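You will see two complexes here that share chain A, one where it goes with chain B and one where it goes with chain C.
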Partner chain A sequence: MEFQLETAKIIPKENLGEFLEGLKSFGRLVAPVKKKEKFYFSEIDDVSKVDTDYIRTILPPKKFILEYLRERFEYSPEKMEFLETFKPQSQVVFGLHSCDLHGIAILDAVYLKGENPDPRYLAARKETVLIGISCAPDEDCFCISTGTAFPDGTSWDLFFTDIGDSYFISIGSAKGDEIVHSLEQLFKEISKRDLVLYKKVTAEKKYMFKDGNIPDIERISQVIELEFDSEIWDEEAKRCFSCGTCTNTCPTCFCYTSVDVPSLDGSVVKRVEFITSCQYPYYSLVAGGHWFHENLKERFRNRYYHKYVGYPYQIERFGCVGCGRCQHECPAGIRIVDTLKKLRGAGDEEKSGKATDNIHSA
Partner chain B sequence: MAKPKIGIMYLTSCSGCQCEILNYESALLKLLDIAEIKYFPIGSSANTLDEELDVLFVEGSVSTELDEKMVKKGREAAKLLVAIGTCASFGGVQANNNDVPVEELLETTYGTIDMPFKITKARPLEEVVKVDYKLSGCPVEGKQFVQASAFLLNGIQPFFPKMAVCYECKLSETECRTLQGLWCLGPITNAGCGAPCTSKGLGCQGCRGDHDDPNYMEMVEVLTERALKDKDLINFMKAFRGNYLKEKLKDAGVEL
Partner chain C sequence: MKKSLEKLLTISTVHDPFKPQKVRIADIEYLAPDHKRFSFVFVDEELNETWSFKPGQFVMLTVPKAGEIPISICSSPTRKGTVELTVRNVGRKTNVLHQMKCGDVLGLRGPYGNSFPVDLMEGHNVLIIAGGLGMAPLRSLVWYVLDKREKYKKVYLLYGTRNYESVLYKDELGRLKSRNDIKCIYILDKVGTEEDKNWTDREGLITSLIPEVDLDPADTYVAVCGPPVAYKFIGAELIKNGYQESKVFVSLERKMECGVGKCGHCQVGYKFTCVDGPIFPLWDTKNLPKMI
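Let's look at the complex of A and B:
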């Protein structure tokens, strides 16, 4: 039999429930649900609870691949016998926005690149199917700047684009293809009209962002490096609580603390890892009482450095996907977009475009 | 090997921390398996401070001359002394009025300053004796008490990094109470409680004291934006920080 990977299909919206029900045969189903005014990714039993009409969840979906609190292994200090307790679970995560798919792609690059991929991350990732869905931005979204407004690469399996009464389904992997084939009766072939609509809605997305809400990030890596001593860091950091909300809600942050926790009688010790934040002073404290980041400003600046300077060195792309969670959830109302704008435009006030006029006309 | 000996003492307090420990039955039974509880007046009728204790946990603030005597005796008996709860760690709610003369407080409350023993300001343990470790919280978090016991009984320094309550609040995906417009001290308060108040819809009351680098200036600004001002602001912030709030505000350059 000739086997050919298809690239796209159509699913009428009324078939979505049945599709979600069908996904359960590929593992536990995870999807966004609404809790009061907020959304969060949750394990789904009743598919009618799935709510795709959301802008952002409080925590990113990374919590299902890289758990926030995880046991690495346990051992008995007397016998020095180690027991790995981690077991990946087959799962389908449905309803991810493009930014979150990019977020996972970035974690993939961090955890899997090079000669020593993280075996546990790899195992979890292999058992995870990712199904994305299109979205409309709000005032905190800036994925159009970070180049993450649409899914690309190979980190995802299926992507749903809303074209009115149906979803246009892009197939991104062999697994995605397998899912579509196993639920074939729910899908239709693409008509000419569907394709026109798909091209139209994707092209229109860029007009949904307001200029004031998105930063210019051209050469931002270098701008940030050159503005290392800028007063802007002091001004912005002054308002920071060091509460870590920005990093804990970030889809690409992965820093963690590892600690050995003994049982009461000391017979068993668990190696526990928990997600933490570079914004907490203890995180940069090392033996001998040295602090890598001595004060609030340095910790604050570190986040921007890692996202826009560190990641590009490491994985050749920004560590920011423009999801806007950090600025949406910040209790002090610090906006990453405003900080970037200030850094990018520092000194602009005096020249007001004149210098660039000369350069471009010369 | 002989079982390690522990004690749980209380000074001026509501006994809430001890109740928290008593209520954590499963862990308490495990603790009894491996350790001997030599002193625990609220949970046992046979108590002694005459033997050496490996760890002594102390609840409550030092507010009377009796407290002072007790805790000093406890300190002599114990290799390690751990303050449990906010009163023992920072003075607690009773330290709220530490800027009012004690005589005035006695007069208001009892109508006389004539007391059977000397009453002092509410002081945290460390103002009277050397404290090896502090587990704040009102009450102390049962889980953290057991974990701290496990660390200490195995000769390891307990490790509870001082992160903001926002850490646990966000991890439980609770909507930000500050952004909702509520008065919440979560951004400056030490986590470890599991953020139970914010998950029930309240703002954090700050019972666990400061995390590593609390931004008082911004907290005051954020609360002021939410119409909490002057005396009310101070009263809200000092409920559990009574003993040190004013100093901290001064250090942070906040003028009220």
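Let's look at the complex of A and C:
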């Protein structure tokens, strides 16, 4: 498995620049960079710009596998022969946090599972090397609740764990091993001290979360179903602008709209897909004028329902990785963690024991 | 999950479910105002033989320059050669389709979704309840069952329409009445217009026909398609008359962009209409919030 000690290596932090430079021979390099106060995953030319000291980027790395605006086909309306225009590009995405690796694992499940895997997604995924890096949470992170604080069970090629003056490298795939071999001179064998440090920092991560910042995810599907008609949805939705920031910044949201765009002379039509949001009013509008999600409250609730009830049915895990992007970026200041807490509080006073008291006194 | 990815990574190409096949309009039949039945043949001749589906499934039809629309198939797989779609002119894309002529080429991909449980139905009675345009996917089932008639016990067709003008497949439904291996009862909501007076069948709501159906409910599979609002009433009436929730199936419509569970638009409760439906057991109308 991917955490085998046999294959693990150490890279001193001063070698990181050279390592990143070396990655370029495996495809275009994508890594986090800082612009003003925010971080972005960007294509890297100058490796000194790479900044690993970040909490979260605005947009998740899914934009490099599942572009936000993309072409599916091109066809001539006379011939009706569909030509694929997409050419996958070899790329190495460096600096992914555990939550984003889980986000990609969820997209893998949505796009590749079942009878009809998406060939374009598969092609892009085949050409992508994923290199993860350990992180420390801030007040918006709640990956410890969603079980995504560690990269276990996801697909990645290398994973870097910060152990002070160097990174502890776990190798997750043959491709990862190839990369390490090709840059062998930058790595060291692990020492006993490295291993102790690695185990220590990994084990300590969970104590870095503050109780007040993380929601209780246990039986959350049930809570959301029980509170389906709760007034809390109205209260929370009242503040929502329907702007779609939450879904656009979500590493697991995958909904898209597809439109055929003819050229000006009509000789060529492009089938263009672009990311959409269940928060937009027209998301569920069908011809004839029927809105399946008729109001803001329903759209607002739909996001939670799909993340915590829908995904478990569809891919057997939650559609939320606790990255905190939606609540960090929400212009209305709506916090998913608070909504979940309120929902749990609405019908469930188990902690205080009030619920059972009431039964006994009734 | 990791396993399915690793497995796929070793395959050079996968079948592209997004790629439409070229089809040509072979026939267009005007059915009612804004309703036409289009017959398509694949330009790739071999597909006309091999392309198969089950009643209740749908296809994604590419209307040139306009885009893709999900339409359920109204022909039966027992009659190969053409794929027939009944389309109501209701939006931008269907409007373009309604301007098209015989010989025009389009794109078609599918079939998608599950189907009416035609295999489970074997050896049992079949009750088919159609309201309005809901007759389209059920026409596929009617012909399927009639073409394999020996496999099923008694077959009933109930068809409800709003007015005389919008009756679909008038001749066909008329001829069905004279067959003795299917019992047909047609009903019109309320005779209002002058034209409605041509109606020679029953008048009233479709639910009023259910108690008249002479079938053993425990031995009967029911297929329903109509406007979603009707499901609540039809479902309740069926239950009242002893039909079993697990043997009643309804067909659903939602917005769709992909047909293969990737675009997210067709969510109904925790399910996707395109891959988990469009045929749902009656239980789901209670189980999935906001389904009907």
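Following the convention adopted for this analysis, the second predicted complex is superposed on the first by the 340 of 362 C-alpha atoms of A that agree within 3 Å, B and C clash if a C-alpha of one lies under 4 Å from a C-alpha of the other, contacts with A are read in each partner's own complex, and residues count from 1 in each chain.
One rule holds for everything that comes next: contacts are C-beta pairs under 8 Å (C-beta built on N, C-alpha and C of every residue); 3 or more make two chains touch, one makes a residue touch a chain.
Because the structure is predicted, anything quoted here is derived from the model rather than measured.
Room for both chain B and chain C is found when the two structures are superposed via chain A, with no clash between them. By the touch criterion stated above, A:Phe241 is placed in contact with chain B alone, chain C being left untouched. Of the two partner chains, chain B is the only one that A:Pro281 touches; chain C does not reach it. Taking Cα centres throughout, chain A sits at the apex of an angle toward chain B and chain C that amounts to 70 degrees, reported as a multiple of 10. Of the two partner chains placed around the shared chain by superposition, chain B is the only one that A:Tyr68 touches, whereas chain C remains out of contact. In the superposition on chain A, A:Ser230 makes contact with neither chain B nor chain C. When the two complexes are superposed, the chain touching more residues of chain A, out of chain B and chain C, is C. By the touch criterion defined above, A:Lys126 reaches chain C but does not reach chain B. Using the contact criterion defined above for the overlaid structures, shared-chain residue A:Pro262 touches chain B and also reaches chain C.
In the superposed pair of complexes, A:Thr202 makes contact with neither chain B nor chain C. This overlay, made by fitting chain A, leaves chain B and chain C with a least C-alpha separation of 6 Å.
Of the residues of chain A, those at positions 257, 259, 262, 266, 276, 283 touch chain B in one of the two structures and chain C in the other.
Chain B contributes residues 27, 30-31, 33-35, 146-147, 149-151, 153-154, 156, 159, 161-167, 170-171, 173-176, 178-179, 184, 186-188, 211-215, 217-219, 221-222 to its touches with chain A in the complex. Against chain B, the residues of chain A that register as touching in their complex are 35-38, 40, 57-59, 68-69, 238-245, 248-249, 257, 259, 261-266, 275-277, 280-283, 296, 329, 331-333. Those residues of chain C that touch chain A in the shared complex are 1-2, 4-6, 8-9, 13-20, 22, 62, 64-69, 88, 90-94, 105-107, 253-255, 257-258, 260-265, 267-272, 275, 289-290. Residues 72-73, 75, 77-82, 84, 105, 108-120, 122, 125-126, 153-155, 228, 254-260, 262, 266, 269, 271, 273, 276, 278, 283-288, 292-293, 298, 302, 305-306, 309-310, 312-315, 317 of chain A are the ones touching chain C in the complex.
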